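Two complexes, one shared chain (chain A), two partners (chain B, chain C).
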Partner chain A sequence: MSNAYLADAAKRLAQAFIVILLAYVLTFVVVSILPGDPITNVLRDPQNGFSEDEIKAIIAAQGLDQPIPVQLWTSLSHFVIGDFGLSMRSSRPVATLIAEVLPSTLILASAAFAIALLLAMTIAYGTQFIPKQLGQGLLRGFPSFFLSVPNFVIGLMLIHVFGFQLGLFRVIAPNSFWATFFAAVALGIPVSARIAEVLIANLDKESEQEYAAVARGRGLTQMRLFAKHLLKPSSLPVVTVIALAIGELLGGSLITETVFGRTGIGSLVQRSVSTQDLPVLQAVVSLAAVVFVLVNLIADLVYPLLDPRVKLVDGPRERPSTADDSATAKSAAVTS
Partner chain B sequence: MTLASFSSASRVTSIGRQTALRVAPTVALSFAVIAIVIAWSVAPSLFTGHSPIVGVPADKLLSPSTAHWFGTDHLGRDLYTRVVYGTASSVTSALIAVVIAAVAGGLIGLLAGFLGGRVDIVLARLVDVLLAIPNFLLAVIVVTALGFDTTNAAIATGVSAVAVFARVMRAEVIKTRQAIFVEAAFLLGGSRWHILLRHVLPNASRSVLPLAVLQFGLSILVIASLAFLGYGDPPPASDWGLLISIGKDYLKWPWLVYAPAFVTIATVLSVNRISRWLRKTD
Partner chain C sequence: MAAQDRLTADTLTRAELIAPVPLRPLPLLRVDGLSVCYGPHEVVTNVGFELGRGESLALIGESGSGKSTIARAVLRLLPSGGHATGRVAFDGQEVLGISERGFRPLRGRAIGFVPQDPANSLNPVRTIGAQAQEAAALLDEADKAFRKQLILETFAEVGLDNPRRVYDSYPHQLSGGMLQRVLIGLAILPRPALLVADEPTSALDVTIQKRILDLLTRLQHDLKISLLLITHDLAIAAERANALVVLKDGVIHEAGRTASVFSSPESAYARKLRADVPALNPDRYAASRDRGFHAVKTGGGDTPKIDVGAVTKTFIVDGKTLTAVDDVSFIVPAGTTHALVGESGSGKTTAVRLLLGLEQPDTGTISVAGEQITGRSPEALRAAWRHLQLVYQNPFTSLDPTWTIERLVREPLDRFRVGTSKERVARVREALADVGLGGHLLSRKPGTLSGGQRQRVAIARALVLKPDVIVLDEPTSALDVSVQADIVEVLLSLQANLGLTYVFLSHDLALVRQLAHTVSVMHRGRIVEHGTVAEIFDNPQQPYTRSLLASIPSGIAGAAHLPQARLRLMATAD
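Let's look at the complex of A and B:
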């Protein structure tokens, strides 16, 4: 915890804050400037039966008659103090709508995350112990296979096999234990594939290092070599992947909740998309960005503490694990 | 100069010949799968005698057989035919997405890496912001803003992948810029733009190719997910994701899900395998 570290950490924090604000602005620009006018589409939909005066009142209440920069400024200043405005559809506070469905998504996502981590470690560590003849190739094929499967297909397969054929759970009771469990498995498998991919690559890299050869020469068994030498250095870069996987969990919950008929952030987004409820979408996307940036910031800050070889360098996300890093790190050091 | 370029050219061809002889069986299989997929999308009518739209109600929900390879759907349409006819749209939209992502992302990365300084700082922040929004959510809001159809879903998917290309391109450009032959070109008095187009761009874009291929597979998955949620063309279109989405309501006849899913998975697996092969042979 040197002074340099703290100074860098403070700088990172400021950068993260700016990125979050810009992400909000970007979302705002995307939903308000792109062609297509959802506001009039929805409000003037004869099914809703609004009169002209009511439409005017709603537009005025939402501040939609203001020029776009003014709207942006108003909503951004509200966003900073945690006010997400009112849903265009139900006129209830967006924050309430999100708070209602958040617990369900949190349960699903954390279960999926635990399953993903467990599965990834089992597979990656398995490749170190299972001999080539006994299906090591199968384990190694796991990540690339499941990265090629659409995640809703995994969900449908689970429903078909365990729900329909084996009758283990009922799809019409989406909050039962088994339904939640299989939804979490469906959401977790693609994430676990990504983590396992990195873990396996790291393990292979470490076991080719000279110190591993020396240890083998000293007569260490594979088990001891793994536990004493390979485990720690190969697991550290996974911190980065885990941080990136959070985004995937958020995006994937949209699909998984639809497949399993659960309520949650995903189904809220789904509903808001079909009714073009922009304030809700804006809030969810911005919150996702906040979560993503914060998790990555934490990973960035924790990493040098876990691995003393790594220094916190200035610039966007520089860690030893990803392929394009060394070049980017160099340039970041040069340019800033 | 001539000598150098001559020797490198001959080296490239000799490597090309060696790898052409030593292609792993899985790679050959992957190319075969992709060839079939391309053939399906170019001339679907050559591969099936049925119509993708007209069904025979008496033949609904038949299981797979020699007459109907993938069985028939709830309206008695031949599922294999629907998959074949849906290929063009599924593949083209993924292609659109990759082109958008590679061109826009490549341009951002090229400018950021080559110009450096303030341009780099501004563009790097933009890329950070794009990365901060989970890909799939970004694609969803873009397609919401654009309107629901398959082309828009493709555009949205492309936009959500711009950041990845920008980062890789930038890193490659910076690496190439520091190469000795680029320095030599500067010393010989080459102009910035000449060097950028003649030397940096061709070299830096070489590693973008495997990424583009990988992204193609990923785009198929993302577009299928968007179609699954109903953000693509509505039926009777038969995009793979849409077919699976229709099949989910008929899980008692599981081939309606498994057959289009199998085709999607085989395609994406093949694409990924080819991408890995390209990266290794590069």
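Let's look at the complex of A and C:
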């Protein structure tokens, strides 16, 4: 790893930090201009029985009588040091609430991701090795089929078949191994489809490249050709797809957790939305932004390590320009 | 060598079983009744030839002749959809019908392959060393360090200067010539009995081409490898092969020993192929070339059409200053052709970009038809471009495939708002007629045209504004020899009829000799030698010019340095 790479990586990291702050500010502004005032809703609820003075005191204590920019600044400066404030509904720290449910979601998402990768690799491998007469076409249809069936339908089907019919897991124990496994399968299947689509298209393209024919002429078996030559260049675009798929895992976990009755970030968000618990929502949305930015940052940082032709930052490329490039440039210049 | 000896021993037993009393040695490769189809479309029809041990045979033809397809069928590397029928016997063993599992032991170890396009023939994301290890793995050698040593020795053997650096490099870090050496090294490393080389030099500069061909000839001799050479260049084939097979549209038109096919071709196609090779016919167009020249010389004034004076251009690349064009001067009289000759990186492309005003020189002046090009505003340059047009190198990439021919040729008229739309269409038809294309092509798209027709369209596009000067950037290097001859004729007749001045960029000296009047030889940004074509070609002064001239394939005359042993073998085989 060269110094230039590290310097570029540091630059990217700084950019990522700014993007996260901007995402926080945007969320804050959107929440502020939304109609409805949850604070007043809660405080003025006759069942809670606060007097006008008490209400004023609470609002002043929370700093909610300040102008929006001041509130934003306070909230942002707390966010930077990891303080998300208190939940309005339970009065417990938001950080604690999230910390309680995060492991469950992380387990589900990483299991789903592992299943998605495995499934995508298996399908892609099959399309390269299974002969046409033995159902290669069927296998090639899998990704588009997976993408066209909604996540919750897959979940309900899995619950019906493996939960009720085969009795592999019990719906009332959503954190058991098999329940988690099938929730992860439901979540991972659409993600695997995206990865498989890109992987298959690239494997098809790479196996038609001249270097693949030359390597075969060197006496490589089909298996070695796949493992040593085709897999790596075909996987490069998959890195980008994976970064996008992480977003899908986040969104999908919300639905999957509801379908399988699991507690997690998804169920926390669902509860917070229905009770207008703004600090929790603000924290979760910001957390999602952090995850997204970090995953894309990692994808960008990993790419140049995998592909020797790519440099992290745009600049003079090492690739020698070909005659065709200059001809195109000239063409554009002369005819304009 | 051990593997090869064993192979030969096996073969002898097998050969004895098949034919107890062989009348002559079994050929290493025997192709018989080979046909190749893509779906219902037959691209190779009933082709047969024999290649003896240690001999070389060239398959010659233009693109689409099926020569590469035959090579791929022999290697069993046809693209998906391709289907070969007939018989291919390697070392007496039928290999076309056997299973992939049965054929794999021959791949690399017995049959080596040197591909056409070095830039795309190595995996871009793996190091050269990792890919070389695959070739080395074909040898029965368990010790990895020893295999690496063998690879480094092979790299040195094929003339790579720094084998260790090459071993650790990725393909994009090496030049085309180096990559082709690597590929040859990987092919010869397992010491195959047969080497199939598919246009091994068509992507390379002339001096590198000669070095690569010399290398192949030497390795063939030293290692007793048989060579199946695929080329479109009859001069190269005649210089390097014992036997020639001339193909057109997938059918053999002529085959035989090089000496007889080359000196007295019987088929009309072989004769045409021979006539079209510039290296073999330096004075083919002398008459038409000089007619135009003299007409201008007697009638024209003294002001040169193009005057380039002491131009220097530097670029800063990665903090280092690179002088692309260094104190370059030349003049081109009206109605003549000036050739800028040089290899990749010689600065000829930058020189032309300066001439077209696409780059501004650091110092020096350039004027065209008495008007200064240097220091002009973009608007003033536009005016100059009406008289100064460019024909690009590759007609397969320079024409927008979604546009009709009419729109492509008309575009310059539209951009310069010349005449009414009726006049524009008439002008387009006129320009197409000038390059010998009929009006029926107007509504066609480039994809339906041949390479030669496309380059004619590109020339028509340059002609349509009635310029005085046309810059030709290697206008035939992407085309076959016979198509090249066709384009050269179009260019010469246009020059004679319209009095055009050409600036002709090329690395092909044989072609330059055919159509240029004056030459500047560029090397590392400088003009090392200049003069008339006769001066440069008949009496070169500079060593660099001499090395360029020595790189022109000279046909049968060059075959004198072919190893005598093989020529004798050839004679006894007959």
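In this text, the second predicted complex is superposed on the first by the 278 of 336 C-alpha atoms of A that agree within 3 Å, B and C clash if a C-alpha of one lies under 4 Å from a C-alpha of the other, contacts with A are read in each partner's own complex, and residues count from 1 in each chain.
By our rule, contacts are C-beta pairs under 8 Å (C-beta built on N, C-alpha and C of every residue); 3 or more make two chains touch, one makes a residue touch a chain.
Keep in mind it's a predicted model, so treat the numbers as computed, not measured.
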Which of chain B and chain C A:G252 touches, first, second, both or neither: first
Partner, of chain C and chain B, that touches more residues belonging to chain A: B
Partner chain in contact with A:K132 - chain B first, chain C second, else both or neither: neither
Which superposed partner A:T27 touches (first chain B, second chain C, both, neither): first
Touched partner set for A:V269, first chain B, second chain C, both or neither: first
Which of chain B and chain C A:R309 touches, first, second, both or neither: second
Partner chain in contact with A:L220 - chain B first, chain C second, else both or neither: second
Which superposed partner A:K232 touches (first chain B, second chain C, both, neither): second
Set intersection of chain A contacts, chain C complex versus chain B complex: 316, 324, 327-328, 330-331, 334-336
Chain B residues within the chain A interface of the complex: 113, 116-117, 120-121, 124-130, 132-138, 140-142, 144-147, 167-168, 170-172, 174-175, 217, 221, 224-225, 228-229, 231, 241, 244-245, 247-248, 251-252, 254, 257-258, 261, 264-265, 268-269, 272-273, 276
Partner chain B, residues of chain A touching it in the complex: 15, 18-20, 22-23, 26-27, 30-31, 34-36, 38, 144-145, 147-153, 156-157, 159-160, 164, 247-248, 250-252, 254-255, 258-259, 269-270, 273, 276, 281, 284-285, 288-289, 292-293, 315-316, 324, 327-328, 330-331, 334-336
Residues of chain C touching chain A in the complex: 72, 75, 77, 79-80, 104-105, 107-109, 111-113, 115-117, 120-126, 130-131, 134-135, 138, 170, 172-173, 175, 183, 186, 190, 317-318, 349, 353, 356, 358, 385, 389-390, 392-394, 397-398, 411-412, 415, 473-474
List of chain A residues in touch with chain C within their complex: 208-211, 213-221, 224, 228-229, 232-233, 236, 306-309, 316, 318-320, 323-324, 326-331, 333-336
